[in-house]
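Chain nomenclature is as follows: A, B and C, assigned in order of appearance, with residue numbering initiated at 1 for each chain independently.
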Amino acid sequence: MTKYILLRVVYLFLTAFAVLTIVFFALRVLPGDPVYAVLGGEAPPEIVEQTRHELGFDRPLYEQFAIYLSSFIQGDLGVSLQSKRPVAEMIAMMLPHTVLLALAAIATGLIIGVPLGVMAAVKRNGWFDSLSRIIGVSFIATPPFFVAIILLLVFGFWIGAFPIVGAGEWNQPWDILHALILPALALGIPKAAHMMRFTRSYMLEVLNEDYIRTARAKGLRERVVVFTHALKNALIPVVTILGNQLGQVIGGAVLIETVFTRPGMGRLVVEAISGRDFPVVQGTIVVFSFFVATSNMLVDLAYGLIDPRVRYR
Amino acid sequence: MNLDKQVPALLRVENLQKYFQVRKGWLGRKIQTLKAVDGLTFDLRRGETLGLVGESGCGKTTAGKTILRLYEPDGGRVVFDGHDVVGASEKQMLALRRQMQIVFQDPYDSLNPRKTVEQALGEPMAYHRIVERRRARERVAELLSLVGLPVACMNRYPHEFSGGQRQRIVIARALCLGPQFIVCDEAVSSLDVSIQAQIINLLQDLQTQLALTFLFISHDLRIVKHISDRVAIMYLGKIVELGRTEEIYAHPLHPYTQALLSAIPVADPSNQPERIILSGDVPTPTRLPKGCRFHTRCWLKEEICARVEPGFDAVSDDHYVMCHFSRSGKVTR
Amino acid sequence: MLLPKRFRKRVTARISPISIDECIPTRSESIWQRPDVRIAVIVLVVITLLAIFAPLVAPYDPDLQNFRNRNKPPTLDHLCGTDYYGRDVLSRVIYGARVSLAIGFLATAFAMLIGVTLGVSAGFLGGRLELVVMRFVDVMMAIPMIITGLLMVAALGSGFQTLIVAIGISMTPRLIRLARAPVLVIKQREYIQAARALGLPNRIIIFSHIIPQVVPPLIVIATLQVCHAIVIEASISFLGLGIQPPMSSWGGLLKEGLRNLPSAPWISLTAGVVLTITVIVLNILGDALRDSLDPRLRGRIRAQ
């Protein structure tokens, strides 16, 4: 088991390294000159060449990569071409906001989705089940950024109960929380629809198993059966889905941050991509992929812990 | 049928090896070598049927596929009609493929469900330019009547046929390039007993009609006895006994063969030999025992068996056994 | 094992030896009798027709500016109001449907083309090619699709064709996985071995035996991918990196609407509602079609 975890961690770093390599070379092989992005289109040729030299973009690609890699390993992700600030510092400032948002969204999804799924399964084919099915189908597909726009309009502009811009300062936890609610709902509601659907189908499966019938036959109260016996087993597959959800939620955060004008990795990467700010793009995407890969790994491990039937092959 | 030793071998298999690398352990890091076929040696004479028997998993299918180079061998030689199969270039291989065919066990898996009989038979003939395009249909019809199917079924799909009929189609497909040699890998094992007999008869008829040579792979010792001229007994990737059918069935010399044969019910129960029940572990093909590979289950085991692998020796004309005691009389019953 | 129950029944029911290949999307399945599927089909047809016949059905020229009519709320003249330049929002949404649907389908088709090529060759040929392709897929799957899309757009430039390529590429890893999984099953079948024994080259085996079995169910699965493609296109345009104004697209309208959200919410709402309906409809349809497929050909991609 320890060995397995270790191997998975190694694999995780290999994935991050591979992403870094791909992004590094994709940026440089594909058209789009960062020097013009730094200087603007009108700069005289000698200035362009001088800047190119200063930034090291005139060296051979493998040399650029070697230089970048050696400083990357020491934790130096380079300097932003636009703001001239260290990339690591920028990421360190933005990452907590995005992680907070992603976790809040997942939590929202679980808190709303799982109980609804259980209820739908228990009252199968009743009006609640049908209603939740319709709502579920609608929200699974709804793009989170449209949910965000609606929430912003209704609760931000019309009702005015929540801030419409920014994420608050870290020393003001209440502000942070206040500003987090709408974005977390926007990302979390579609996830909740997902969770509801999965919880429902797994619950139905579990409720049909023999040991549940036995528990019922023993005269246990229905509520006890549902919550202690069935839910525990139905949650196992729900956990595995979480891993993939985290990846998607982080992707969705990119747009949510734009809607709410929140600081975060999403805004950072979008601005860096449109400004051809290579060091920032590289740094942010590696961090993104590291997150996705880590969450997949954690879920795989958690799955093994919860379900003894799973053997790591 | 020609049992004469003087007749040159159509197929010669020498020390053939096929190893699989199986991944075990976490993340598939541990790689083990599974010796599915581990030094197979035999001759096949023109026009004869050699039965290849052994327990399931002993490597019979792998042997058949490796001989046809559906698997790349890891060692050894296969010589077909004077041509080296293992070292054949792609072009030479194409020519050899016309000569050597295979019929698989599962007739439900052996036909592409989305192709009609005509397409299934026509495709390889077209690729090999066996007949002109406008004569292709005729040739398909010929093949169908050869295997006893009505010509009208040419435009049907596999799901419209029964298992036995499908196996006839599969045989027709194996014949479509005009081969000399066919590997029948458990060709009747999945069929009902009554159908089995029909297909066996068909194979025998085809053999005389088309001068075919068969490698008849089976785990059913009774069918093998019926159809084979000679029999090879395989155990964990190697042949442990080889000889003429009557001889093997009357005087088996290898303890493993004796155990297998003792399990066949005979018509006259008073004649039924005492059943030999093998004890001991069946070794996994990834960890073959040292010495004789049968010693873990052998009731004649002595100290030497765990140490030295016995040679494949001729005990009499045309009868080979791989056992330290094949001549000692210890094994005779 | 972990299949939802409704799948599980089918699995046991279909364990007969005939099986996977005969369960390619059969129209006889009852999905067409489901009311949600019927409604979805009707809605999708309507949206598609509106997109195709946009010049005939749109009440106004989508680019016609009218400065006396800026940010006007919905009226009988302008059913969905007007935007900052006085353009008719409904007309812009109808024209936007052309962009969204076209990019959605074409990007998926592009991804299918590459995905099937790579997935089938990796699965069938195996060896080092498979190793390289599948590792690459693993790595790409660690980058959120939208980020890959943005990166490709940034590199290739924004525009109709480049968006198709960019979105197509970001969808490709998933389709490679989807295409490879059934190949691994099919290539073990004895008729493939028999074809090899008959000397048929890989080229013929792939085109005559593998592709005809893999592609039809994959096309069904791709229906679900179309809605991903549409959402990604809208997202990229929403972030300002996709379709550029004055050309109208749903994502662009949402972006424009966000800027004028308090004063003209109907811009965002109209575009967003139409986008959402399209995606929901495609989702329902894709789900239903996928359920009608044989489980073993559905591929082993994790629940998503």
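The criterion applied here is as follows: contacts are C-beta pairs under 8 Å (C-beta built on N, C-alpha and C of every residue); 3 or more make two chains touch, one makes a residue touch a chain.
These numbers were taken from a predicted model, which means no experiment stands behind them.
Measuring from the average of all protein CA coordinates, the nearest chain centre is that of C. Using the average of C-alpha coordinates as each chain's centre, A ends up farthest from subunit B.
Distance between subunit A and subunit C, defined via averaged C-alpha coordinates, is recorded as 21 Å. Measuring from the averaged C-alpha position of subunit A to that of subunit B gives a distance of 56 Å. A separation of 49 Å divides the Cα centre of subunit B from that of subunit C.
Residues of subunit C that touch subunit A in their complex: 2, 4-6, 8, 36, 135, 138-147, 150-151, 153-157, 227, 231, 234-235, 238-241, 254, 257-258, 261-262, 265, 268-269, 272, 275-276, 279-280, 282-284, 302-304. Those residues of subunit A lying in contact with subunit C across their complex are 15-16, 18-19, 22-23, 26-27, 30-32, 137-138, 140-143, 145-146, 149-150, 152-153, 157, 198, 201-202, 204-205, 208, 237, 240-241, 244, 247-248, 250-252, 254-255, 258-259, 269-270, 273-274, 276, 281, 285, 288-290, 292-293, 296. Residues 65, 68, 70, 93-94, 97-98, 100-102, 104-106, 108-114, 123-124, 127-128, 159, 170, 173-174, 176-177 of subunit B are the ones touching subunit C in the complex. Residues 17-18, 21-22, 189-191, 193-201, 204, 208-209, 212-213 of subunit C are the ones touching subunit B in the complex.
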